[in-house]
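Chains: A, B and C, in written order; residue numbering restarts at 1 for each.
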Amino acid sequence: MTLTMAELAQALEARLWGDGAQEVHGAAEAGQAGAGQISLAMAPAYAEKLTSGSIAILAEGMDPEALGLKAAILVPRPRVAMAGLTRAFDRGPELAPGIHPSAVIDPSAEIPSDAAIGPFVAIGARVRIGQGARIASHVSIGRDTVIGRDATIHPGARIAHEVTIGDRVILHPGSSIGADGFSFVTPEPSGVEEIRHTLGERQGIREQHWTRIHSLGGVEIGDDVELGANSTIDRGTIRATRVGRGTKIDNQVQVGHNCTIGEDVMLCGLVGIAGSARIGNRVVLGGQVGVSDNIFVGDDVIAGGATKIFTNAPAGRVLLGSPAVKMETQVEAQKNIRRLPRLYAQVAELRETVKKLMEKRAGDDPDRA
Amino acid sequence: MTLTMAELAQALEARLWGDGAQEVHGAAEAGQAGAGQISLAMAPAYAEKLTSGSIAILAEGMDPEALGLKAAILVPRPRVAMAGLTRAFDRGPELAPGIHPSAVIDPSAEIPSDAAIGPFVAIGARVRIGQGARIASHVSIGRDTVIGRDATIHPGARIAHEVTIGDRVILHPGSSIGADGFSFVTPEPSGVEEIRHTLGERQGIREQHWTRIHSLGGVEIGDDVELGANSTIDRGTIRATRVGRGTKIDNQVQVGHNCTIGEDVMLCGLVGIAGSARIGNRVVLGGQVGVSDNIFVGDDVIAGGATKIFTNAPAGRVLLGSPAVKMETQVEAQKNIRRLPRLYAQVAELRETVKKLMEKRAGDDPDRA
Amino acid sequence: MTLTMAELAQALEARLWGDGAQEVHGAAEAGQAGAGQISLAMAPAYAEKLTSGSIAILAEGMDPEALGLKAAILVPRPRVAMAGLTRAFDRGPELAPGIHPSAVIDPSAEIPSDAAIGPFVAIGARVRIGQGARIASHVSIGRDTVIGRDATIHPGARIAHEVTIGDRVILHPGSSIGADGFSFVTPEPSGVEEIRHTLGERQGIREQHWTRIHSLGGVEIGDDVELGANSTIDRGTIRATRVGRGTKIDNQVQVGHNCTIGEDVMLCGLVGIAGSARIGNRVVLGGQVGVSDNIFVGDDVIAGGATKIFTNAPAGRVLLGSPAVKMETQVEAQKNIRRLPRLYAQVAELRETVKKLMEKRAGDDPDRA
């Protein structure tokens, strides 16, 4: 991909400075740019590394003339510019158009004429794929699944039967949508059911075998969802597991059966959400966060890394810790734990002092001690 | 699948009320059932949503006549009924019988005549597959592996060489059995070995390269085991890693090399069990629980979500927290931490009071202060 | 594989005792060895299980004559001997040499004549594979990727485009290298950006949609790296994500975009390293450790299982806990928390005593109380 600086500035909706005819065919960190690459220098530390006569993206307020640049694009919000810039130059995995002859596609499946379908793809009966789909090698799609327009499905993604997926969805390698939920029952109440009532006490312990509850519900994924490598979203028991529009899910995230995930949610790596939990809109869960089954996490909740949410969380709350509490409560609790050695020393000293006071008092007045 | 209400009641070993000839071809949550679907209404909140003239599953003690139903099945333990009901209506992924022509099967492998083997399956030398096996697309099975009767192996599961798997096992997409263990040694004792003795102190720090310990042992999986999507069970070093009969493993669980997992165990999502740990029978580990290497977790232990078990856990214990302690101890500890601000205030006040007492005493009797 | 005891002793660089002509064709734990298998008995508890006339590996200082052995190999450091022994007998997955006819390889890819390439492998344009490569079934390799000599790539590994991999690398089933980074931006500052400044306080909450930052950088993997089953390493945004020579990564580990991982590092199962973190050389992170984005972890840091590292960690530190602190600080903090019930009791008693002292004082001298 080659653009002129003028075209790139227009694509980024940003201000051009200098020679708009300069050609750009890639981007690099400042100090590492080769010929024709634009340097990213949106912070002063990076600007120092620019060489005279080069081209760069700067933050508004920086001075391209003083830096001796040939051309520059000045952006108001650098990370937003990164989105536009990287999109402009992303060549992606380059899937060849058309259906690879090795693909095994059920004759009843509907594949649009403009789809790119890679080697060793398996597509089941009555599957419907939207226009512009790009499906890489080794992907499997189960019977009766529907996928919207402009999907990008990377190698080895596993989509089960009776799954519904919106438009512009991106599924990364090895991700799995619609595996059976983890749902079992014992003929008699199990130990887990017992301790939920007794909070830890157990009467007699018995043998218990697990009987499977099958998963008849599918999965419904909204538009513009992205699902990371090796992440998993299980199918529902009776109704579908749901992930709302615009939600972004990182690698190795587990979403249990029957969960409802809202819109514009962000789930970072290794997050685990247990069965039947409900996650509101715009929730952000940091890496390795856990959410217990059957609880809800309100709209706009933000949880820091490794937070473990065991109980319902009201909308807008900022959470941290295990068990999750308000972030400021957690920061305070950690401070209190760090100060404990001093507290222990103070109490020991107090006890000594008071003991002496008592002894003295007894000495002053033996009858009343 | 279509059943009459009478047939379904019989399948669930439950009591029929009303018109047993009504036909059922699926199930839905109360309020969402279409024609011919049976409503699940085993709690009063759901029963309120039932429409007159419909068919439903109720809990024993509820009144189908007062709800205006046409027919109902009354069950004593609702989750047990769910197992039977969902099994009755599960059509599953519908694997076509026979061996797909694209499958690559070593001539020395034994495949039963009734097996269903999907597209792009690779099966190695001397593999033996039991009767009734259903092996979906993209599965790989390494040399000398044995799989029992009625296996269900979902797309992209990875089974390595010299693995033994029992009857009726279910392996979900992307699960891996028999990858090499994570086992390395440094020619000189490593920093990790050093701090295990010194509890944190380190003398000189040296260069250290990791030399690989290969994994000659396989994996042995008992009957009726289920392994979730993208979960991994590594092979043993000298003897096999073992998972006992009836154990159920959720998605993204990691079981290290040489581990022994008992029978009827339940491991929830993102659990990690380090190498050579031994897990007893009927143990239940909640989501994101961790178990250190080389320890044992006794029979019937239950650990809540995100519990981190660093030391041996006796049979029957209910654990919580990091490090894991008895659940009631953890609940108490959390309470004690939450109450710390008050304790700090009390101690500060005490110090002030005692200081004044000391000053007064000194004022009363300067010689003795 | 069959060796004589003399050959095996030489391979292990260890001392032979007894009949060097005895043949060995495998190894087993003491008490479980069959004919021709060498028993591992490097600790006294195992030596007790040896049968007279058998062959064994012992630790230096043990007495093969007293144990009645026919031949023995005496090793100074047992785990190091395990490395040599298991390597000697590892037959591995046995990939057939040559290119399987089902593989789909772009004509512009360079494949050495001695490579073993399994069924259903897909290799993109301009890929270069080094000599001695063994690539198992279902592997995909994206365009312009380069892999060094003697690679072992297990079934279903996913290598994206523009990835560079060194010599002797081992990739386990389902591992993913070079999926897109998890990097998004909101047009206006997001709630997460806000709370990083305010530490938890939020002003107004707004709608926010996530705009994707594409990943133009690739991944660079050094020589002798091993990557576990279903682990994931994302590609960088502008420059490559890097993993240094000799680093070993267990199963289900997530390494975010732009990370730099040093040499001879060990990352255990379920570790999560967020984007742009820098990990020094010889760092060891136990199972389920988490590292926040954009921080650094110095050379030779060791973190125990489930440690959560939120801030920069200086070189050589031994860490534990969440948030991570020095191991001895964490052990002390846990002790302090366990002792809290006693502290609460002591303070309550002190308050009672001081209250009485004050009352007595007031009684002694009402004017001054």
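Here is the rule we use: a contact is a pair of C-beta atoms (placed from the backbone, for glycine too) under 8 Å apart; a residue touches a chain by one contact, two chains touch by 3 or more.
Labels paired with UniProt names: A, B, C = UDP-3-O-acylglucosamine N-acyltransferase.
Predicted model, so just to flag it, every value in this text is computed and none were measured.
Within the contact network of the assembly, the step distance from subunit A to subunit C comes to 1. Both subunit A and subunit B derive from one sequence, and where they touch, under half of the residue numbers involved are common to the two copies.
In this assembly, the C-alpha centroid of subunit A lies 22 Å from the C-alpha centroid of subunit B. Among all residues of subunit C, those that touch two or more other chains are 102, 120, 138, 156, 174, 230, 252, 270, 288, 322, 337, 343, 347, 350, 354, 357.
Considering their complex, residues 102, 104, 120, 122, 124-125, 138, 140, 142-143, 156, 158, 160-161, 174, 176, 179-180, 182, 184-185, 187, 190-192, 195, 199-202, 205, 207-216, 230, 232, 234, 237-239, 252, 254, 256, 270, 272, 274, 288, 290, 292, 308, 310, 322-323, 332-333, 336-337, 339, 343, 346-347, 350, 353-354, 357, 360 of subunit C touch subunit A.
For subunit B in complex with subunit A, the touching residues are 26-29, 32, 40, 77, 79-80, 82-83, 86-87, 89-90, 92-94, 100, 102, 118-120, 136-138, 154-156, 170, 172-174, 226, 228-230, 246, 248, 250-252, 264, 266, 268-270, 282, 284, 287-288, 299-300, 302, 304-306, 316, 318, 320, 322, 326-328, 331, 334, 337-338, 340-341, 343-344, 347, 350-351, 354, 357-358, 361, 368.
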